[in-house]
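Naming follows writing order (A, B, C, D, E and F), and every chain is counted from residue 1.
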Amino acid sequence: MAALVAVPLLASAAGVGKGILLVGIPYAAFAIFLGGLCWRVVGWARSPVPFRIPTTCGQQTSLPWIKSAPLDNPSTGLGAVGRMALEVLLFRSLFRNNRAEIYDQRYVFGDSKWLWLGALAFHWSLLVILLRHLRLFVQPVPAFVLFMGKVDSFFQIGAPALYLSNVVVLCALAYLLLRRLWDLRLRYISQFSDYFALLLLLGTALTGVLMRYGTRVDVVAVKRLAIGLATFQPVVPDGVGIVFLIHLLMVSALAAYFPFSKLVHMGGVFLSPTRNLANNSRMKRHVNPWNYPVKTHTYAEWEEEFRDKLLMAEIPLDEAKHD
Amino acid sequence: MTDNRHKIEQVPPRSDWRDPAVEFRKGTYCHSAGAKYVEALGLPNPRDWNPADADWKLPSDWKEIILNGMAERLERFRSFKLFMDVCVRCGACADKCHYYLGSNDPKNMPMVRAELIRSVYRRYFTPAGRVFGSLAGGRELTEEVIKEWFYYFYQCSECRRCSVFCPFGIDTAEITMIGRELLNLLGCNINWITKPAADCFRVGNHLGIQPHAFKDSLEFAADELEEVTGIRVDIPIGKKGAEVLFVMPSADFFATPHYYTLLGYMSLFHEIGLDFTYSAYASEGGNFGLFTSHEMMKRLNAKIYDEARRLGVKWILGGECGHMWRVLHQYMETMNGPADFLEAPVSPVTGTRFENARSTSMVHICEFTADLLYHDKITLDPKRNDKWSVTYHDSCNPARGMGLLEEPRYVLKRACNNFHEMPENTIREQTFCCGSGSGLGTDENLEMRLRGGFPRANAVRHVREKHGVNLLSCICAIDKATMPTLLEYWVPGVEVAGVHELLGNALVMTGEKERTTNLRGEPLQAAVPETSPAEVVHG
Amino acid sequence: MRTEDAILERWFARAVEAYPGETVRFLTAERDQFRNPVGHVLRENLAVLLRELLGGMEPSRTKPALEAIIRVRAVQELTATQAVEFVFALRSVVGELAPEHDALSLGRKVDQLALMAFDEYVRCREKMYEIRLNESRRALSVPAAMARMGS
Amino acid sequence: MKLTRKDFLRVLAGSAVAVGAGTLVHAVGSANDRESAEAKNGKKRWGMAIDLQKCREEKGCDLCSRACHRSHNVPRLPDPAHEVKWLWNEPNGKVFPFQQNDYTRHALGETVPVLCNHCTNPACVRVCPTQATWKRGDGVVMMDYHRCIGCRYCMAACPYGSRSFNYVDPRPHLGAPNPDFPPRTAGVVEKCNFCEERLADGKQPACVEACPRNAMVFGDLNDGNSPIRQLLSGRYAVQRQPELGCGPSIFYLV
Amino acid sequence: MGDRPLIYGGLCLFVALVTFPVWKGVAAQSSTKGPEVKAVVDKKQCVAPRAYMREAHMELLVAWRDGKVRRQERHYTARDGTVYNVSLTGTCLTQCHGSKEKFCDSCHEYAGVSAPNCWGCHTSPPAEPAKMAAAAAGEMR
Amino acid sequence: MLDKALKGSGRYWGWIAFLLALIAVGFTCYLRQLAYGLGITGLSRDVSWGIYIAQFTFFVGVAASAVMVVLPYYLHNVQQFARITILGELLAVAAVTMCMLFIFVDMGQPARVLNVLLYPTPHSMMFWDMISLTGYLLLNGVIAWVMLSAEQKGRPAPSWIKPVIILSIPWAISIHTVTAFLYNGLPGRPLWFTAILAPRFLASAFASGPALLILLCLALRRLTSFDAGQEAIRRLGVIVAYAMTVNVFFLFLELFTALYSGMPDHAEPFEYLFFGLDGKNGLVPVMWLSVVLALASLLALLVPRFRRNERVLALASLAVFLSLWLEKGMGLIVAGFVPSPLRAVTSYAPTAPEWGIVAGVWGIGALLLTIFYKITVSLREAN
């Protein structure tokens, strides 16, 4: 008798548990991600930029015959957009990186573009991977997603074919992690959150790779789940294994963690006032919204204070005040 | 020597940057500001105290003051708020800081310097930090933290070099400026900034030189110039209706080698017949408010526009000064504008309209002179500078807060025959600070300055050995004050001059007598042969 | 590791222990010259000194190496003894690691080097007072000149 | 001791020795040595004998070639440059250029069927950088179209011109395709496979079956009692360019 | 201050991009049913368990391919003892699953999986010759 | 360092734009080849290797430029080459990259190219060729990188680089030897079946590589502030002179052996090249042009008075380069397939798309070289 009650109960409990894991958590995480990120960006936006403080990394626009650096020191909005594009798409500033080294008792500066390369490789391959995942969320699969997948798996290695972006992302993440562990200086500045973010990303990538090339997963089931999530008609399909579950939970953790960690640099990079402003402070008036009057030492006060000395030195006094 | 010192060889102490303990050692920190100057400026909590003391006599509600101050600034400055959030600790900035390179003190790495305040921000202003505390990188705000702030925020010369390399453009100068503002709220100022600021506020310039002495000083300069050139120049002070108001850093009229630059301006203005005036009220272009607080910056800067309005000039010309130009370029009009009583600057000699300054109406002297030279309005005899082999040091603020890179070079290349650039990673936007910027150029801080200036001195030594450079030119008053010291220690034999001193040397003035000396009163040609590079002592 | 290298290592450790805590860790543990320029200068020049001490103490090589070290140490947060005691430390380091070494002749050379180091330190500090004086002189040079000229 | 070419290459490859070591001996193991060894193991070695006499009598006959190409979905391409051929007829003078003289050439008939020789010592297998072509234990030189990278090194190496490359997608040119044998993709090399798919089913190659006069005899060369061996021991047979050392398994009875 | 519209606009754009699957899915009224797999011929039992085949049929096919081509393994014995001819076209598509279009494509298209050019050669039946010839003619030099 | 390539004059950017356009053309053609197959080329069942492989062979030779400056400098202390060893190494990097690209575009199934690594096959010369080419690319890449870094910092290169440089010398010999072996060991290809093939490759390589280097040095002197030095260029001229002499001599040996013996197998390919066979004579003008250029260049190079004239030297170098490009980059490979094993004489001529792809690969090589040389010259200018 008890068994008759217990079995369906347990089954439904298991079903509910699975529902929470496969549906509840992703929804919550994504909501936190979107809400949190918006909250962060709005928070930044609410603080004004009182002064125009671009870091100028090249010649200013001044006399017409002097060649200016329109992208490293833009004087127009368009130039600033260009500068931001270089920054966001190609990591311009990191590209400048060099290493100070002592030789013959003097500093010499050598190239150091590994970080730039690693960061570029990581971010771009991550973007490619994210876009490729659209094949699971959209039905029918957009042509550009299919095309990306095709190019990404151009080299026929294994079945399914190896995605180059997967290799790149793993190598780049490994590099980013190892440099933190290897380099004493970076180990010194690294905090828990630095490792946490890297490990989450690495874990997510590894489980993803494992599903594709190792343990396998029923892609159709995964896609049904994904479409269900995307269209608010969640289904809990059978056949998604434990690896997928870990993958999903890690992604959820990453999404939920995102707004509250350094990962918000994704949004922040666009708002950096040392980069996204045109260096036109002397060309155009810029208003500080909270500019308030301050106590100054006015000319009248000053003249009053130094009247004798001004007279003695025959420096002309202000006629308006001079009686 | 005790035996326990052997332990050093084993595993180094696994300490953490979160440990705020700092030791104030002589030669590495600046003296605290005297109460009377703090009071004179109406700043909070004036008192006599000493950083090396255990008790800093902080107000009882100091913690509240700091946290409220932070909250207020987070709302006012997107830069501050953003820079607190987006650092990923990639490490690109670490070896870009001259103080870090000179001292190897890990807390001088820019991201760690910022982390000193960021950790407090996390603990008190972010949800993650409030809940997870140190796990989320948060740190309790204690008196030790305040002391650490004082120590390290006054070991940053706000040169912005790290900002050039940061992938997010995080500017440690912004963070340090806010940090100093917060310390300011507790009355923790340094004397070398507060005293000049107080003098500047009251009298008009950093040294508190009063109007008559100011005039004497300029007259004295005119005498000197007459001796060299045989020409007597005018000294218009407070001349109403002049076309141009000329503002320079006050060091130009009381310190050397700045002073020779003043002689250069004077001869130039005379030669082109510029209708201009000096001002005794706005006799300071420099602005130590930049090193104190945004408010103080505004208060000190107000004089320039006020004076321009009072005198009815058309536009303003600014002399050679670094941080002065950061303020004039990036802050002045926003703070104290609009400058609608002025006109867009037009060179009366060439007719060039300075479009890049049309709103603020203030032109850099190098822009002005470069324009003159480009249009061949003045004649130069660069041979008069032949005793010098010149290099150019980009001052941080004009380089990274303005982008004034080519104009001074253009002037220099026309004014001297021997010009050599320092290695490219140490000039232009990548220029190294003299180590004494942002109000750190004080005597008691000498050791720290010498360390901080080490990378710059290194680059100078490079050109000294390679090209026999014996003169470093620059356009910054702080450079002119502290570089001679720096170079005397690390690269003996290299002197310092302003760009317009070299211009003044080379300028062929109408009706001048045969020049036998340069503006310094030294014979035009080197009396003794140059020290050969090989003889330069390795340091 | 060769004895000489071992000596150098320990000597280096002794030389950096005068620095404040956090810095020591960097100077000691970070071998990369890119990351640790100050430590690199020290290590390189100590190696030169050690070679010279064990060899002929050729002044043309000894002096620049010693100068390079002392000139940096003179502006770091060290007292006079801290700045030069690394020279003496060599004696005990050699005693520990190479007891067979001729202590007497080495001791003499160490003493000689220490004296040179003191000289150099004092020269650097003197230089600092001199430049300090020069700096303040320059800072007010115009009023001073005016006073001289009686204007 | 005799070195086989394979051994030689193994030595060369293994030690990556520099060239020009003077004493290197280049010798090919004779077929007889191998035969005796393989026969003892009971290993098969497929081979084929073609009776040119019979071919000569059926002037213009290409039934074997058609059967082969149909059965293997060999495309018929309009451009002769891109031709794919497994088994086809060639003028006698071109197949045996230096084995006749001007006076016998015509006497020997006009055309000769040619196909992959399934050499004992195949040059194509030696040069293939991916082992996409290899020699099976039973003597069939196989192609793995899934692994071929299309470098065409094997085509350069084959001294018999037996290999074809898919310069274009063959599928539009198949005519009536045989559903039991997959066509190839563009960009791979192919050739006669001795009908290994039929051998597996215990059948004779398609060409052998198609020949109405039984001019082609297929069988195990290691089996002294096989019909092919009987035939070879009774009649004079030639191989194509035996002096190259490849050891063809196709014999022409003259 | 003045840049707020820009920032909020950018933020909205970002949210719109990130939620692309949502509104796209809602607009297209995507269902969660998954692909309809047609035409499974009467046989109830596949060569391997269905769950395994769903996840890892490509592994099996690769193993079949290499075994058959390189090692002459022409027969495959399933766990239940049934012996199958190793042939994608001959066995799988002809005997059970109808055709590529009816069986393979439904899932492959659904999940956006481009098969590693298996279809280049192994189709059942090979694509219409006339149509392809026309296509090829268009591409000729 | 890389940033140096991003700052340049209008002329520089114009040149870069031109190269990018060339590359775009090549890429478009390649996409067509990818979709349609190699049928887009002039290759056939009989002539199955064409200009791609021929160009590969030729550029293996060009890659030798490095060894011809490195060897005298490091083994014989020829100081005049101090400034240009880096140019040779960078040219080698660009040339080897082009070699790899030419192999790649020749693949019928480029997507499977990594099978060479997945199924390593030591008995295939192509496997060894891949190893030696990759190795040579890595060696020269590392050497150039280290040398340039040292230059940027104004300090001597680390000492560990010297053994690497020394290693690159025999390695350079190996790439020619292995490439020669690629053709050498094929039964039934009598044109290539000659023990002198590897020496011929070396001789032509030591002529064509340094000849190009001379031209590049002269171009650099004209276009930039970089001057390799007259003495260095003269010495390179001597190297080209000797190598070219040996090369022509070797070719003569081949011709004599084949034609005097009259053995049809050996004679026919040469007949095809120089006189035409079976009415097909497409390569005859190419080969005679090559011969004329070779002889003219020899005349100019062997007479010291001519050689010392830089203008003549430039023309002679150009002649050497062109002559070898025609001989090796066209004749040697194609004629290996003529007549075919079944005695067919088939003509081969590259098609327009094929030329487009070749131009694209040249564009990539030239772009790499431009960037490398720009960096080098900028570094030298900065210091």
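Some points to look at:
FYI, a contact is a pair of C-beta atoms (placed from the backbone, for glycine too) under 8 Å apart; a residue touches a chain by one contact, two chains touch by 3 or more.
Remember, predicted model here, so these are calculated numbers, not experimental data.
In this assembly, D is the chain whose CA centroid lies farthest from the centroid of subunit C. Closest to the middle of the protein, by Cα centroid, lies chain A. A straight line joining the Cα centres of subunit C and subunit D is 82 Å long. Subunit A and subunit D have CA centres that are 62 Å apart. Taking each chain's centre as the average of its CA atoms, subunit D and subunit E sit 38 Å apart.
Look at where the CA atoms of subunit A average out and do the same for subunit F: the two points lie 45 Å apart.
Contact with two or more other chains is made by residues 44-45, 48-49, 96, 99-101, 105, 107-110, 156, 183, 185, 188, 271, 287 of subunit A.
Shown for subunit E are the residues that touch two or more other chains, namely 117. Residue positions of subunit C touching 2 or more other chains, listed in rising order: 25-26, 29, 34-35, 37-38, 68. Within the complex formed with subunit B, the subunit C residues making contact are 9-10, 13-14, 16-17, 19-29, 34-39, 64, 67-68, 71-72, 75-77, 85, 88-89, 92, 124, 127-128, 130-132, 134-136, 138-143, 145-146, 149, 151. Within the complex formed with subunit E, the subunit A residues making contact are 34, 37-38, 41-42, 44-45, 48-49, 134-141, 145-146, 149-150, 153, 156, 159-161, 216-224, 226-228, 230-235, 237, 239, 267, 270-271, 287, 289. Those residues of subunit B lying in contact with subunit A across their complex are 17, 42, 74-82, 85-92, 94-96, 101, 106, 109, 111-112, 115, 126-128, 135-137, 160, 163-171, 174, 201-204, 210-212, 214-216, 237-240, 280-281, 294-295, 298-299, 302-303, 306-307, 310, 329-331, 333-335, 337-338, 352, 354-360, 362, 367, 370-371, 374, 399-407, 410, 423, 425-426, 428-430, 455, 458-459, 461-462, 538-539. Interface of subunit B with subunit C (complex): residues 1, 5, 8-9, 12-13, 15, 17, 23, 25, 27-28, 95, 101-107, 207, 209, 213, 216-217, 219-221, 223, 251, 253-257, 259, 443, 446-447, 450-451, 454, 481-482, 484-485, 488-490, 537-539. Of all residues in subunit F, only 36-39, 41-46, 48-49, 103, 106-110, 112-113, 115-116, 118-119, 121-128, 130, 177, 181-183, 185-189, 198, 264, 336-337, 340-344, 346 touch subunit D in the complex they form.
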